[in-house]
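There are two complexes below, and they share chain A, which is joined by chain B in the first and by chain C in the second.
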Partner chain A sequence: MTATTAGETTLGKKPRIEPGLLSPYMFITPAVLIMVGGLLYPVVMAFYLSFYDWEIGRELQDAPFVSFDHFVRMINDPQVWEVLWVTLRFGFWVITIEMTLGIALALLLEKPIRGASVFRTIFILPLMVSPVVVGLIWRYLFDARIGWINYYLGAWFGIEPLVWLGDPQLAFFAIVFTDIWQWTPFIFIIIIAGLQALPSEVIEASDIDGANWWQQILLVKLPMIRSIIIIALLMRLIDVFRGLEVMLIMTGGGPGRSTELLSLHIYNRAFETQQLGYASAISVLLIVVVFGLSLAILNMANPMKTRSDV
Partner chain B sequence: MKNDAVRQIYYYTALILLACISLAPIWVMIATSLKDEVTVQGATPLWFFFVPTLENYQTILFGRGKFDTYLMNSIIVAVSATFLTLSLGGFCAYALARNRFAGRHFLANATLLVRMVPPAVLAVPAFAFVTLSGIDNDLAALTFLYTAISLPFAIWLLFGFYKQIPIELEEAAVVDGATPLQVFFRVLMPLMTSGYAVAGIFTFRIAWNEFILALLLTGRNTRTLPVAAAGFLTEEGVEWGRIMAMGTLIVIPPLLFTFFAAKQIIAGMTAGAVKG
Partner chain C sequence: MKSLLKNGLLAAAGMALVASTGSAVASPYKPYEGTTLVVSWPSNAHFNAAQPLVEQFTEETGIEVEVDYLQYLKLRDRQLLEMSKPTGEYDVVAWVVMWKGEYVNKGLLTPLSEMYTNAGLVDPDYDINDVADAYLQNGGVVGGERGYLPGKSGGLYGIPFGAETSILAYRKDIFEEQGIEVPTTYDELRAAMETLHAAGIPALTSRGATGHQVTAAWLFHLAPLGGRVFDEKWNPVVNSPESVEAAAFLRDVVRTGPVGIPAFGFGDAVTAFLQGDAAIYLDSLKIAAMSRDPSRSKIDGKVGFALHPEGTRCGSETGGFALGIPDNSKNKEAAFLFIQYMTSKAGDQKMVDLGGDPVRISTLQNNADRFPEYSVVADQLPCADPDWRPLIPEWNELNVDVLGQALTRVITTDDPIQPIMDDANEKIRAIMEREGYYVWN
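After this line comes the complex of A and B, so read on.
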């Protein structure tokens, strides 16, 4: 039995020490240090910077302290309200459509069939493509002059070429469409995993009780995977607030601010208009929103809790 | 019986249609990357029947751009971030799964909470840190950030895998006289391969695909591939063939992972929602 150096103190009462672990803290410290330095420190720094009027090209030491001015300005800033509205509208459309399509497809195609794994492999491909590349592909497809979408709209429906990314409403439609292409498979995969994890006895029981297809879905299956549906929805909502790369590549947020989501607005504020301090204040708002949503997910499903707290 | 056959046909038709929708844009990219600029600018979209050329790849790989440097940068950053995340995250997950210690719950919850920190929030402070400290090894800074971003998910995922290994296995090894290191590497590691594979793929993908932080922190010689690809988008005339060649090269590693480890990737994606 190896005795620890701390043998006499707090740990002393434990007669046996876990095999080979002098201290769990040794194991967690490196990872914790990196997370503190790379995630926690920037978040704290964002709070700190939001109190200073710091701009690119100015030394941080010379930046005047403005206390809560940025937050007051933010509340009265029509641009911030505008991008919040764009973000919520974008979130509403993509989440509604992705959830509806994803759940419907999962219910239709849940039966295990031959070749299912091949199809699933293909379905997750859009999720693996880098956001930058997604942006590039769809910018090309939506191109006004050589874009394939305009071509087929013209060839099949006789629609005159549209300037997709140059019109506020069309551009908004384009980014919604792109997001649906990339993320519907995510919902589909999650829901189908949930459906297949349902105990078969329950489904058989409802069969015996004479439930028809619709009743089975609405009264048995969907209620049983309710928490999965809500978690998937929250995860997508968080992504909507986090995402900026696809829009940055496709439209840069324009025309006007029609495709400028909150994250992209922070980026543009910081590095286009060079107001680092004010951008930090807006990112504090983003942190609050995303942490709130994350807490909601944690509350519903904390894997570290349910599995270890026996 | 007949009903079943009809149903099968419906299933497969629907699945094939969906597969085409998923694949089409990716194929458009690959096809465009194999066309010369005249074909790209042509009036009709050509899906398959065009004369393929490797011109675009030759230009970006051996042309005057520093593509080879950017490729190396991407590989260095992604591989080091993956290595760091797996080793440090693995230790941390192991300690969390096997021990009860003060601060354990706090650490578990905090880890899950910081998982979602938006890149836009990291951007300004990271930029501030690099400009203020005058660090000029951008790739090290980038590796550090990617490791930090990937750690929460990796720890959380590996935690689940460690939890599934019965502790009796380790105890038996100790009784047989194995040292702690032997227990970890000889007994646990072989059982953890698929766990580390999932965590590794997700980490590599984040580091390989990330754009915003790389754009802000890297300079002329330290760009990663996504930054270089986006740099091709100029105001005057976009050379789509070359951009798509670049995009295709960026997409190759994640696509290969998908083909070889789709099952594990799906397990990683659904782990958050389904098992909870």
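After this line comes the complex of A and C, so read on.
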């Protein structure tokens, strides 16, 4: 009763304000505040810190201003370029394999076959495991002395124990394998959601037109979910550059720098060697690289643009 | 009736006053009763074992203690953050000895002289001379020779607790079976490793993971083989013949040891020995207590202990932890009483009973019959080398970035060692130059 009265009062006042003018701003204000506080502030701070030589344990205002020294040092630092190369190689392998496998699995399990829901649940399980746990599980599986992988390689194929996490090539393979294990399901669920949302009329029409299974996939289904594929690709790309926990737990970036991704390098610079200013400068490089790559992908196919065209 | 009540109340108040002043005289802890100390220390065997002693401290003194346990390598970031705030959370911190220079350099610790000049706090029976000198100097003294060694310019900032040196542990059964004598020199150790390897038995377990783990493994051999990281004038000498020999020795360790050393941290190296996958161990003395723990060890009763073998000199590691008081603590006196209690003669003995490691010579001597390694440790301590690694503020960078990378190349490739160490030497020189070490030259 009271609610109705209140509603009537509000309604009574309504004509006197211009609802169309202010309400959009009110709706986006929380999002803008979160963006500024949660995203813009850290980025601006990273830029700011990169001009100072700051260590934890000292006041920030006491940190000496070093101008562009950190950026000059970064450009001449072979370690930074080495880890950037490791990151790009890692990104290339994991994204290519994950996209291929994820799309293939989605196409296979899209049809209502028996037990599809069980398979789907099993496939997305790795996605639910925390990265630290993933790191620990695979670290022990790949362990040279007690790991299952070496045990079964020895028992079934007579292969001598391999030092998976202590050999530069094998360790790189191990982190690529682990990432594929964890993140292929992500591509899988996104793609399968896209496939299931496709209008059945189009598929039926292609059936009537006599398209075979391959033609239907390559000429109808995949082009229709193109924007979803691009979004998935973009998210994985950003993830690759953010990825840290699994490598930190599995190999710590070693042996040498063979598994040290850019973000892990930044972490080591900031917290192992206490060069927070320099680490911030490398973070700026990371932002620039991710920004550049994202822009390139969006330029090739911008899902938002496509949507607005529709 | 009214006056009776009044008199009664007065009498009660008087008694309470007498009681309180009486115990203030009797107990140095009384003024701090009800205080809550927050302690930051690592989660490892020694510190976990200390929990009952912490509870006993609270029972006896009325000073509450909250312990913040962290994995030992994560302590530094957290402690630095807390200690650099105007008001920090911690009243007592346990640091790994290699951080002491940085903490003092940044003005984060309380000099213990502030406490030792307060007669009301210092236990006359404490006997600081009984604390093993190598431990005290290495963990607690900062500002001596080269900044981290003992010396007249040094000051005391911490008391060792959970400190350690390195000893050799070996499988008595395997040595007997293979007819190997316990090695006392590096030549004998090398020969023992080859004999075991030839018999198909993994020889010496070791740390080897990239970064400070592999560097620590190399440093264990560097000091006894006669090497150093720097000469007297801060010139890096990691490409000297002794350093290269230590690196070559480490390569032999990986070749003849248990599979997987290039990925081993301390825990992995220990586990390989405790699970029976290595015949020799040469690292922290903490192995002794762990080898007796049935939940971790398959080799209880089969382990012998011996001195760290000598090369051109005797030189074992000095490491582990020390306890000190952050400069921004609000409860410095109570914190000092806590540290004093934990490291007193009774506290040290209790730590032994609880399965921890003693820091006092008298405790080692009094318990030599109970634990076979104690007499070895007592003999080893005079050889413990406080300069086996340079505990300068730049050490983390040199350790993780330069040596940790170079030594990984040594143990994971067959490349010639000399050029690898030459390259590392130049990189270290560049860092030292950047940090201003050569301005006096």
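Everything below uses one rule, namely that the second predicted complex is superposed on the first by the 239 of 310 C-alpha atoms of A that agree within 3 Å, B and C clash if a C-alpha of one lies under 4 Å from a C-alpha of the other, contacts with A are read in each partner's own complex, and residues count from 1 in each chain.
Just so we're on the same page, contacts are C-beta pairs under 8 Å (C-beta built on N, C-alpha and C of every residue); 3 or more make two chains touch, one makes a residue touch a chain.
None of these values were measured; they are calculated from a predicted model.
When both complexes are overlaid on chain A, the residue A:271 reaches chain B and chain C alike.
With both structures placed on the common chain, the touch criterion links A:81 to neither chain B nor chain C.
By the document's definition of touching, of the two partners only chain B reaches A:129; chain C does not. Of the two partner chains placed around the shared chain by superposition, chain C is the only one that A:167 touches, whereas chain B remains out of contact.
Greater residue coverage of chain A by touch, when chain B is weighed against chain C, goes to B.
Of the two partner chains, chain B is the only one touched by A:111; chain C is not. After overlaying the two complexes on the shared chain, residue contacts for A:68 are found with neither chain B nor chain C. Of the two partner chains, chain B is the only one that A:121 touches; chain C does not reach it. Comparing which residues of chain A touch chain B with which touch chain C, the overlap comprises 146, 271.
Chain contact summary for the complex, chain A toward chain C: residues 55-59, 79, 143-146, 161, 163-168, 171, 251-257, 268, 271-275.
Listed in rising order, the residues of chain C touching chain A in the complex are 77, 80-81, 83-84, 102-103, 106, 108, 208-211, 258-264, 268, 272, 275, 277, 396-397, 400-401, 405, 408-409, 412. On the side of chain A, the complex with chain B involves touching residues 18-21, 24-25, 27-28, 30-32, 34-35, 37-43, 45-46, 49, 54, 60, 105, 108-109, 111, 113, 115, 117, 119-133, 136-141, 146, 148, 151-152, 181, 185-186, 189-190, 193-194, 197, 227-228, 231-232, 235, 238, 241-242, 244-245, 248-249, 262-264, 266-267, 270-271, 276, 279-280, 283, 286-287, 290-291, 293-295, 298, 300-308. Looking at the complex, you find that chain B touches chain A at residues 8, 11-12, 14-15, 18-19, 21-23, 25-26, 28-29, 32, 40-45, 84, 88-89, 91-92, 94-99, 101, 105, 107-109, 111-129, 132, 144-145, 147-149, 151-152, 155-156, 159-160, 163, 170-171, 174, 179-181, 183-184, 205, 208-209, 211-212, 216, 226, 229-230, 233, 240, 243-244, 247, 250-251, 254-255, 257-259, 262-263, 265-266, 269-276.
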